[in-house]
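Going by the order they are written in, the chains are A, B, C and D; count residues from 1 in each one.
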Amino acid sequence: AAMPVSAFADTSAKKIALSNNYAGNSWRQAMLTSWEKVTGEAVKAGVVAAADPFTTAENQATEQAAQIQNMILQGYDAIVLNAASPTALNGAVKEACDAGITVVSFDGIVTEPCAWRIAVNFKEMGRSEVEYLAKKLPQGGNLLEIRGLAGVFVDDEISAGIHEGVKQFPQFKIVGSVHGDWAQDVAQKAVAGILPSLPDIVGVVTQGGDGYGAAQAIAATDRKMPTIIMGNREDELKWWKEQKDSTGYETMSVSIAPGVSTLAFWVAQQILDGKQVKKDLVVPFLRIDQDNLETNLANTQAGGVANVEYTQADAIKVIESAK
Amino acid sequence: MDEVLKAVFAVDGAKVNFGAVRALDGVTLRVMPGECVGLVGHNGAGKSTIVSVINGGLTPHEGSVASDGERLERYGINAARARGVRCVFQELSLCPNLSIVENTRIMHRDLGGFGWRKRAAKIIEKSLDTVFSGHGIDSGRAVGDLSIAERQMVEIAMAFSDAGIAPRLVILDEPTSSLDASLARQMLDHVRRFTATGGSVIFISHILHEILETSDRIVVMKDGRVVAERPAQGFDHHGLVEAMGTVARGEGGQRSREQSTAPLILSHQAKGLPFAAREGEIVGLAGLAGHGQTELLLALHAAHSGNWLPERDPLVTFVAGDRRLNGVFELWSILRNFSIASLGDLSRRGLVLANEEETKGADWKRRIEIRTPDMDNRILSLSGGNQQKVLFARALATRARVVLMDDPMRGVDVGTKQEVYAIIREEAARGRTFIWYSTETDEVRLCDRVYVFREGRIKAELAGDEVNETNIIATSFEGVAV
Amino acid sequence: MTPLFRLVSKPWIWSWLAAFVVWFLTIMVTLGASTLGLSQAALTFAAFSVIVGIGQMFVITLGPGNIDLSVPATMTLAGTVALKLMNVENGLILSGLLIALVIGLVVGLCNYALIKALRIPPIIATLSTSFIVQSAAIWTNRGLRIKPPSVLAEFTTSNTLGVPNVAIVALLISLLAWFLLEKTIYGRWISAIGQSMPAARMAGIPVDGTRFVTYLFCAVLASVAGYLLACFSGGAALNMGSEYLLMSIAVVVIGGTAVAGGDSNVPGIWGASLFMFLVVSMLNTYGVGAGIRLIMTGLIIISVIMLAGRRAGMR
Amino acid sequence: MFRLSSDAMRLAIPALSLTLLLAAVFWMQPRAVGYVGLNLLFNLAVPIALATIAQMLIMAVNDLDLSMGTFVSFVACVTATFLRDAPATGVLILAGAIGTYAALGVIIHLRNLPSIVATLGMSFVWGGLAVLLLPAPGGQAPDWVRWLMTVKPPLAPMAIVASIAIASVAHLLVMRSSLGVLIRGIGGNQRSVERAGWSIVAARASAYGLAGLFAVLAGISLVGLTTSADANIALRYTLLSIAGVILGGGEFIGGRVSPIGAVIGALTLTLAGSFLSFLRISPDWQIGAQGAILIIVLALRLMLNRLEKQEKRR
């Protein structure tokens, strides 16, 4: 998206770095692509001097902490951070703040008070899945929960939200729970393993990146296809579309847009520019419903994730609305 | 009973079984103070097993162990060490990654406490100086950096060293197998000195003249029993061999066939004089132990065998001396160990032909008398000497025209040796070439031509009548071509 | 020796026993109603572990220190590149398989080149290659999931006579591996090298050639597994191999192959692969949380090897 | 020409690679020179160095510990929860964990289990315990731990002081003490140690117990740096610690290890990561570059080894 760039002389000499802890799935790849696209234009336009992305070889807080420490040494003015852990990077983040560096975390946020947070309400996301099911299936039934990677903050949050939702709508009961590690093949394997022992299920609540795997596993049996909540991946949307066209299948899809990295970039730029920005900002998650499925599918790159990229104006709007 | 009271150590009626194998079948052995007992027997006679019993490493299933007239009920390694029993084992048993000093620490449990390094160094250096004066071994060196002879020296010195508990009974299980003549001489002299001061020694060797010279009393074992026991004067070489149950066949004299016309089959630019071998020749590599003979063999093997592509017709094959390191495959049966080098002939299009393998195995089992009920037993069920025979059979069963032998007769009994010598002569007569490194002069004399090594170089070439002990010793020490 | 005793002394029996017990406990939850479904699922997913496990087993047989950590990255690269090349065209299925195989060969070549030329211990060498291969996978298509050709997707997800097709493929590969190990010179060679490399060299075995071929074989099997898995799960993902790192090692050792090398065991791989899948299913079925599930998995692994007992370790 | 002992040689090569790498980093990023810069470069190497020493102790008895990463993660979780909130319980748990390590050594020895598999199993167990303890990241470092890891000693930064301290203690323990000789002796030739009357079980248990102790220290110091823990925080320490031992001149079998080398290896690995981020490689290839740098460092080791062999031959 081309944006109107007004020259901000104050940040044209500033250098921003992206600290990313994982590049091994389509969501992260889309995030990196969005970053490069948007920041590349910003650098060309002279808004900032540099916006370098860095990714660690392994998804580990320790490695990312070392990466942040290196960024301090390299003299960046701001670090945009998708953190491997909300707390384990606090030491490194504190060191960066002490060195006068602006730290903006997004998606995987950090709790260190000196950093900014662009958060998604993951708990609400989980709860809304059950809410949707309650609307669609008022009589309730059995649910299968697919969780993410054990021991990770996001997994815990979404799952807590789902359980909250089940408490709110007691006609639902979670009869099985497996870890799909946010990967289609792992989810497929886990679901295939538990499925034979499960009673009839009416819905599958997921965390993103695992809906298609669940659909594959269920399709391999002679069960009736339950309502699987999707996670905005293109293969999920495409499968949904096929089902919709042939059987009128209905569901919804929800996830955080990978382009949120570009929002974080603009927020960091605004802070460097001297704007007063509240430490906690919230972005809505990206939800796709039965009626806007086709539009979203058309806008999604084949094999990618449904995405939204942000402009400087969007960022200013988010900052203003938080005040 | 009087004798038992006086004995430093006495084993009575010891029986040890390993599964179906009866390693000891009622052995009674006494060692008096100030006595050197020579222990001989064919491979697998049970010598090492009786050593393990005395050393406390093995509890006999029947029979008793007594020391200084006292019957020992709860006997183990630590009890043995406390009574001054020390042992040099048949296989090298130091930690190669540790320095000599650190190995000394391991051997002497009570050496601990602050400053143990200094004390350990003093102890081992003193012992090395006593046994092998002029050894030139620095006690700070890692054992792995030592030559095999140096390691054996250290091990012997370790057994004679005194760190609080003086050694009273030292057991030497084939200690000279890697030592050259002069070092072996030094060790034997020390054994004499040690017994003269009241110490006792059990000395096991397949080199009979050492036994005859050094021992006061000789015990002959056969198939897990003691079959003869007499003062050393009561034996001569021939009698000893007879008692062991093997008859030394005539050596067949020096080979007389004229070799120089046979075609050259192998040549190598070694350090020093050039090396060459002809078809049907038995070429000896002599000299002091560890002076480059093994390196030449390895170089010849490396130069003529591929590491990347299988060769159907390799020129050379190798008989290892260090069985454990580069000889046997421990998980395998005897048959598989035997056939591994000749699989090319026992297979079609990469498939191993089980029948042919079995036939060939049975054939060779008969030919060189491998003592086993079944070729499908594990190789480790064989005695050391029999394992060595399997390695011989492995090499001879290939089509290779040159056989490289790296002191392969280590720990092989006299009878077996004679059998193998005969096979070698027969094969040589058929045109096979043998390149043979040996530490034993008797074996070197069987060769048509001998290269003498010194300090990693070929210093001399001896042929025909020149091949004799005097010449070899002269050249290996002086380094002058004859 | 009674037949029973001989059976008990087989190293692979324990993994089969464990798999059976876990399978039984799982189907008992539904009083047997889930038998067919669970068995089919187990066969399907065990198949992938079997294929990579066999490759890993050949490498581990080469002796202490030999291990291939590049398996996950190879699976990912082979899967992504093959699917990208085929681009949902049924006509390109063979070309896709071919490119997967070529990738396996190249990775194996790199692994052995590092091990041999730079004398890097295999564990580090293959780890290094795996980083590079993983980067290559990211670089080729940046994690986009491309669908497999319909024929392939159909083939990998359906059954023949009630047996999943991927399981049949894995069975064929297992038979080939068994044949190689037990009947051919090559099998003797790798076993010999695993017991003692110097002895193997002295016995005239082409040691480098054999090791090279073995590393190639392992990488090729990994790429085949990646190809099949990508088709089975409806597209390659950048992280699709990651769980096969520990898995490939675990199934080899639980299956009764000597970690010290020289002794391999094909049936055990099947038992162990089924077990590894079933134990997760069982604990999921009983509704056990992730923490307890991990602890149980670990304890069961340890119990199995304790029962399988006195095998020479990595000593 | 003087002759270096094989032990000294084992050290010289890793030390040289570290120096070269450090020179390259200083040249590319002059800001890294100095007190603060060195601390930033190396402070995350401290827990790695401790874990590497732990792994080295296991490798000294010819075993391999595949559970190192999960164990350090588990310790981190205990440190960030119990050790802060209920120190007595925390200490008890950690002591129990060390005891478990020692017991594992005993079991591995008595049942003659392959250490790789036993520790693979244990890695699931530790991982499970960590997830139970901290289902989501959190907890907080005890203040004294935090203080210890951020203290600013005079002259040299904490990271350097700690590395030197770790190397010295481990050297005394493993290379100079009787227990160290015994442990390495088991790696070199277990049979001969046994024949000298030592209890192999006890020695193996001490090796494992000591390894457990160092791994516990690694976990505690890690939390001191990160301020909180999660169940996956140190997973890569398994491979890092093995790589560190190898880079430091250790070997998988034969009891040939070097504690000083291991610490240097850990520092080298950490530094290699920084070196890469200073190079600014395209994100696609950043992961691959880590592989490349491992290869280069090891190739350097090989080259120096060759040079040394030639020296010796002369």
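By our rule, a contact is a pair of C-beta atoms (placed from the backbone, for glycine too) under 8 Å apart; a residue touches a chain by one contact, two chains touch by 3 or more.
Because the structure is a prediction, the values reported are computed rather than measured.
Contact tally for A-C versus B-C: the pair with more C-beta pairs in contact is A-C.
Subunit A and subunit C have centres, each the mean of its CA atoms, that are 32 Å apart. Each chain gets one centre point, the mean of its Cα atoms, and the points for subunit B and subunit D are 42 Å apart.
With each centre defined as the average position of its C-alpha atoms, the distance from subunit A to subunit B rounds to 71 Å. Multi-chain contact residues of subunit A (touching two or more other chains) are listed as 23, 32, 57, 150-151. Multi-chain contact residues, meaning those touching two or more other chains, occur in subunit D at positions 130-131, 135, 286-287, 290. Annotation for subunit B: no residues touch two or more other chains. By the contact rule set out at the top, the touching chain pairs are A-C, A-D, B-C, B-D, C-D.
Contacts from subunit C toward subunit B in the complex involve residues 183-186, 188, 191-192, 195-196, 198-209, 212, 258, 262-263. Those residues of subunit C whose C-beta lies close enough to touch subunit D in the complex are 64-65, 69, 114, 118-121, 123-125, 127-136, 138-139, 142, 246, 249-250, 253-254, 258-260, 289-302, 305-306, 309-315. By the touch rule above, subunit A contacts subunit C in their complex via residues 23-26, 28-30, 32-33, 57, 147, 150-151, 176-179, 181, 183-186, 188-190, 192-197, 212-213, 216-217, 219-221, 233-235, 301-304. On the side of subunit D, the complex with subunit A involves touching residues 29, 31-32, 37, 40-41, 43-44, 47, 130-131, 134-140, 222, 225-237, 270, 273-274, 277-278, 280, 283, 286-287, 290. Taken in their complex, subunit C has these residues touching subunit A: 26-27, 29-30, 33-38, 41-42, 44-45, 131, 134, 138, 141-147, 157, 229, 232-235, 237-240, 242-243, 277-278, 280-281, 284-285, 287, 290-291, 294.
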